[in-house]
Amino acid sequence: MTDNTAITIVRADGRTVDQLRPITITRGWSKNAEGSALIEFGNTRVLCTASLTEGVPRWLKGEGKGWVTAEYAMLPRATNTRNSRESVKGKVGGRTHEISRLIGRSLRAIIDTKELGENTIVLDCDVLQADGGTRTAAITGAYVALADAISWAKSEGIIPAKAQPLTGSVSAISVGIIDGVPMLDLPYVEDVRAETDMNVVVTGDGKFVEVQGTAEGAPFDREELNSLLDLALVGTYELSEIQREALKN
Amino acid sequence: MTDNTAITIVRADGRTVDQLRPITITRGWSKNAEGSALIEFGNTRVLCTASLTEGVPRWLKGEGKGWVTAEYAMLPRATNTRNSRESVKGKVGGRTHEISRLIGRSLRAIIDTKELGENTIVLDCDVLQADGGTRTAAITGAYVALADAISWAKSEGIIPAKAQPLTGSVSAISVGIIDGVPMLDLPYVEDVRAETDMNVVVTGDGKFVEVQGTAEGAPFDREELNSLLDLALVGTYELSEIQREALKN
Amino acid sequence: MTDNTAITIVRADGRTVDQLRPITITRGWSKNAEGSALIEFGNTRVLCTASLTEGVPRWLKGEGKGWVTAEYAMLPRATNTRNSRESVKGKVGGRTHEISRLIGRSLRAIIDTKELGENTIVLDCDVLQADGGTRTAAITGAYVALADAISWAKSEGIIPAKAQPLTGSVSAISVGIIDGVPMLDLPYVEDVRAETDMNVVVTGDGKFVEVQGTAEGAPFDREELNSLLDLALVGTYELSEIQREALKN
Amino acid sequence: MTDNTAITIVRADGRTVDQLRPITITRGWSKNAEGSALIEFGNTRVLCTASLTEGVPRWLKGEGKGWVTAEYAMLPRATNTRNSRESVKGKVGGRTHEISRLIGRSLRAIIDTKELGENTIVLDCDVLQADGGTRTAAITGAYVALADAISWAKSEGIIPAKAQPLTGSVSAISVGIIDGVPMLDLPYVEDVRAETDMNVVVTGDGKFVEVQGTAEGAPFDREELNSLLDLALVGTYELSEIQREALKN
Amino acid sequence: MTDNTAITIVRADGRTVDQLRPITITRGWSKNAEGSALIEFGNTRVLCTASLTEGVPRWLKGEGKGWVTAEYAMLPRATNTRNSRESVKGKVGGRTHEISRLIGRSLRAIIDTKELGENTIVLDCDVLQADGGTRTAAITGAYVALADAISWAKSEGIIPAKAQPLTGSVSAISVGIIDGVPMLDLPYVEDVRAETDMNVVVTGDGKFVEVQGTAEGAPFDREELNSLLDLALVGTYELSEIQREALKN
Amino acid sequence: MTDNTAITIVRADGRTVDQLRPITITRGWSKNAEGSALIEFGNTRVLCTASLTEGVPRWLKGEGKGWVTAEYAMLPRATNTRNSRESVKGKVGGRTHEISRLIGRSLRAIIDTKELGENTIVLDCDVLQADGGTRTAAITGAYVALADAISWAKSEGIIPAKAQPLTGSVSAISVGIIDGVPMLDLPYVEDVRAETDMNVVVTGDGKFVEVQGTAEGAPFDREELNSLLDLALVGTYELSEIQREALKN
């Protein structure tokens, strides 16, 4: 692949290879949560809520630090065909576990738990409609919900007004190689065809929090890896702008 | 309580005792399901999807009949304070079971399973935001999703165009007695104060499918029961009009 | 249906439409429990035990109130064909959950938890043999076990002798419409044929605690509902007499 | 211990060391099962039902053999203090598993599975009241239920009239050493004090099916072991007489 | 069977009927545990670790006594064909429960919990390769791990140097009757053919802790039982020598 | 960090920053499995077995392709302090799920499922002793077990002698940044201090199968990412040599 190639390729949905799908963030979608955002990456829709409670889990008590964790889930008919509920099956699946852990780590990367005080924030990311990129949408939306929950806690005096629990912002995007061409922000139809699939979590100042690349088809070389990282930085730069816009006033 | 009293009482949200909250039905909210509706009873928001698949559960095979079932659930932060996920707890709670069964029975009451053919419809009712009346909103919205799934199946030739699987429509409302006064469509703040709480499921032609009355505080007499049923019929009459409107063209 | 019809109908077991099956209450059947009753509605046999322990669940501590709860279950071969044990399946089914909750609510309706003091009573209702009406037999028998457990606690000084935790008595009966005719106390063969099935929980002074009517076949109208409630009041009146008799001396 | 000692010792309930508690077998206690017996060893009461169904588990299909298995359980308030239900805990405990397996093995020891044909018998042994020796009562009662289920199957033509699936009878008893003295058929108060506890399963012709001896306090020597086996043979000889009596016509 | 017969019989692996398989104990195989042993009975390999922690379970607090418990498990491919993991199935099977309980009881039989102080020792016995006799190898190896954990605790001052928590040693062996001949230490090929199978747990001074005999095929008589016990005492005598040797310096 | 720095740094265990711990592969450690390897990275010990069975899971039937999957687990006392068994907790944890999935994907990357035919290989990777890098040791050892299982299947004629199910080899290593210095193959003491932790799975010809980098402390930049990838390629090159050596004759 060369830049020349990339410029001329047009995808099924009309995008160029380095273009995001339309991104929408509806801040405060949920009236009950301390912070919330309905985020859409094209047809992917994730409801992110941040629940802030005073106190921390037992293993963290007395250390003067807070805790941030996340749970990801999908409605049974978020997808093209219905999946059984994990509650009915009686156990959380491997994929759900893996994504929940990824979201939690990603958000903790921009939190100073000392500044948070002994408070706990649970980020629930529920996929209402799935069309690829649900975990990256979840991370990007969860940041907005988290920021709002922290603002709320400051306004309520639960966190001191001067505290700075957020050390930055964070967003995430998927990239992949399809027919040898690296592409940004894969919808479901592209995702299933990708030879290599990578999810990249990046801070607002362009540093990596997570890089998770997987060869679905053929193993990838160093050059392909670099092209994917380049694209991911383009995408997360834009996403962090959209987050900043959404959080204005 | 007398009718005179009822006329003059104004509730916290400005409604009269026999008035529904604003009802909104957004048909087709979900792109992936065969039928779907986002239904709102005031601040209560339930996403109802209907998933139609060919074939029936093993115990029903070869009888030439279809099957309709339902699953109800609540997002962890649909409520004022966060509830643990049932998938994480590893079991479905009693309340969830009970409501899922109620929704299933209610919808089966207006289905002719022979006309449905050997097809299965699963109705998923996920509460995105809760403010009282989630089970009744779920039944009312599930009917719309169900009707659309059946139309889709006819258009696809999965169900013969002449088949009439729907024998009518169905909707549901909660009623309750608060400080001795029967009231219609209780939001959360009224629900927790109700001495008696009743959920009534009614067909479009005004017959009862389910009557579930519970004395939360004091036992109730025959007269109170009758007042509650009167109110419920007023509410479900209106709901069935709103359903009809939503399903136009 | 008219009264004329009802008078002449004779059921498979020889009863009239408004007649209960033979009811037997063996008080104190279990030597270990603080209160117990083996109750029989015809061939339906339910062992009800009341276990009273000092203290309350954590969420109720320090409020000076007691707690009453119930668990219903069925032996695997209580029924015509064997059912798998819920312990072996690893989860409690929806029907079991639903009935346990119903029994708990019904008994709490005649308990003044303040008078009970910080004590907990668990009512276990285990169906040893099932022939319809197990949940109503369970409620009716659980009341006797509960009353005896409270007497025991008074005699032991756990509850003050002057306290009045029981605000009344409670019993329950099933009613249903079969071939258009409302009938009282349905055995299994009638239950499966009923178009409408209703369980009614009534206090000793004739007020409603729970009304749970379900259209199994066709939806029912107001008149049918009224006939069923009439029958239920006849049945529960008799049951409360039998309870009183059983609890003498 | 010598015989001299044994003769003079009188136990709390007035029995001699080699005397069984009063044993009662109520055959056919359950109307729904193919065979059933309510068995009582003093205050220990176990309801044993035998459920016979045509066909065998998948792993046994086509071998022309039947299958016999058992499940043991205890009602939550069978004991002095209430135990949580295993269905509610979501798992079967180790003790329950162990006893269920013991009962199954014991009954299979007197079954010729070829003669049974491709039929399955499940023996449910539910302890309604516990006062020591529940597993041995369960085995002894299960044999009666099993024998009746087989008679029923012959009368129904499910098993050929000439088939002899039962190769003998089986019963079981507990023995133990208390204060150095071997004793037969321990009630709960003796069981908790026993230094050594042994459950012995014996055929009607006096051969061993299971010998399970456990040093609860001090390890035991060969002589003590022999004394316990002697007592067990005395007890099971009597039990097999009682079984024979119960099964007459 | 007579002694004459026994002398001339040679088994598939060349052993005489009263001969153990080659026994190896690799003490301290695991670097992380307070005590550990990899024990081999022929091809059967069990890794036994002893984890000592200060404190006791809640129900034992404040009694000045310690606690010893055990957990047995098998790797999925320890056996000839792969078994599903119990963690994946979501529950511990009956056999696993039964053996874990047996190991725990056996080791507690030679522990003076008062001398142990309020410390807990968990013995994990994981079967890495199975060829019959895994539970008896587990008990025999667990004793070595236990003894080392106690030595460690003394050297660390967690248990006083003068305390004597071990009241003796314990080992176990399987014996069985094959084609009418009692044999010692059965590998898998013999185990599946045994008419009677017995596991015997014996202290270092030759007293019984557990005797678990099961008629797999035909019931056994008193003489056969005696032969099996004789063999078991021969085997455990040798095993206790091997344990003593392993624990030297 | 510069190369100059790296050369002079000596780690707690005496290694240079780009040096692996001593690696040992004991091929065929398990007698029962079709392929097996006990692999050691320093004190980390993982037993890898490959179980090959004919046939494939239902969802793959009739496609002429095989299936390779993996399960990872840890013995409770593989670690410094004991962890509860997942079988006892009744559910598989998120970390276990995540690693099992990683191993499965890694091995499938070098398998041509068409060449495998309709056969299934399950790779069980059980950590017997943990000291960092268990997942990378598991992948590296699982390859050896997999290769041997395939050789066995060819020798048995289950897979045609000419088939080439293996398209290459695969190994994995952990790398991390500690005090700003990138290091290869982290033992536990280094792993807990790492700011960034990365697991890299690489084929025998140096292409990437998985790249999983996580900022545990501070986010990392492109340069650091590159240094880590360089180190990982050094390590996996060596590991693939060791694998080749182990698989000779």
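The chains carry the letters A, B, C, D, E and F, assigned in the order they are written, with residues numbered from 1 in each.
Quick note on the criterion: a residue touches a chain if its C-beta (ideal position, glycine included) is under 8 Å from a C-beta of that chain, and two chains touch if they have at least 3 such contacts.
If you want to know which protein each chain is, UniProt gives these names: A, B, C, D, E, F = Ribonuclease PH.
Just so we're clear, the structure is a prediction, and the values are computed from it rather than from any experiment.
Undergrad: Return the chains common to the contact lists of chain C (Ribonuclease PH) and chain F (Ribonuclease PH).
TA: Looking at chain F (Ribonuclease PH) and chain C (Ribonuclease PH) together, no chain touches each of them.
Undergrad: Starting at chain D (Ribonuclease PH), how many touch steps does it take at minimum to reach chain F (Ribonuclease PH)?
TA: Steps on the shortest route: 2.
Undergrad: What's the chain with its C-alpha centre farthest out from chain C (Ribonuclease PH)?
TA: Ranked by distance of C-alpha centres from chain C (Ribonuclease PH), the top chain is F.
Undergrad: Can you spot which option in E-F, D-E or A-F is basically A-B again, with over half of the contact pairs the same by residue number?
TA: Of the listed pairs E-F, D-E or A-F, the one copying the A-B interface is E-F.
Undergrad: Looking at where chain D (Ribonuclease PH) touches chain E (Ribonuclease PH), is over half of the residue numbers used by both copies, so same, or under half, so different?
TA: Both copies touch with mostly the same residues.
Undergrad: Calculate how many whole Å lie between the centre of chain B (Ribonuclease PH) and the centre of chain C (Ribonuclease PH), each centre taken as the average of the chain's C-alpha atoms.
TA: From the centre of chain B (Ribonuclease PH) to the centre of chain C (Ribonuclease PH) is 28 Å.
Undergrad: Take the average of all CA coordinates in chain B (Ribonuclease PH), do the same for chain D (Ribonuclease PH), and state the distance between these two points in whole angstrom.
TA: Each chain's C-alpha centroid was found; their separation is 51 Å.
Undergrad: Which integer distance in Å separates the CA centroid of chain C (Ribonuclease PH) from that of chain D (Ribonuclease PH)?
TA: Chain C (Ribonuclease PH) and chain D (Ribonuclease PH) have C-alpha centres separated by 34 Å.
Undergrad: At which residue positions does chain B (Ribonuclease PH) touch at least two other chains?
TA: In chain B (Ribonuclease PH), residues 90-92 touch at least two other chains, as defined above.
Undergrad: What's the ring order, kicking off at chain C (Ribonuclease PH) and moving to chain D (Ribonuclease PH)?
TA: C, D, E, F, A, B
Undergrad: For the complex, give me every residue of chain A (Ribonuclease PH) touching chain B (Ribonuclease PH).
TA: By the definition above, chain A (Ribonuclease PH) touches chain B (Ribonuclease PH) via 30-33, 36, 43, 47, 49, 51, 53, 71, 73, 75-82, 85-92, 96, 122, 124, 126, 128-130.
Undergrad: In their complex, what parts of chain D (Ribonuclease PH) are in touch with chain E (Ribonuclease PH)?
TA: Per the touch definition, chain D (Ribonuclease PH) meets chain E (Ribonuclease PH) at residues 91-95, 97-98, 100-101, 105, 109, 198, 203, 207-215, 218-222, 225, 229.
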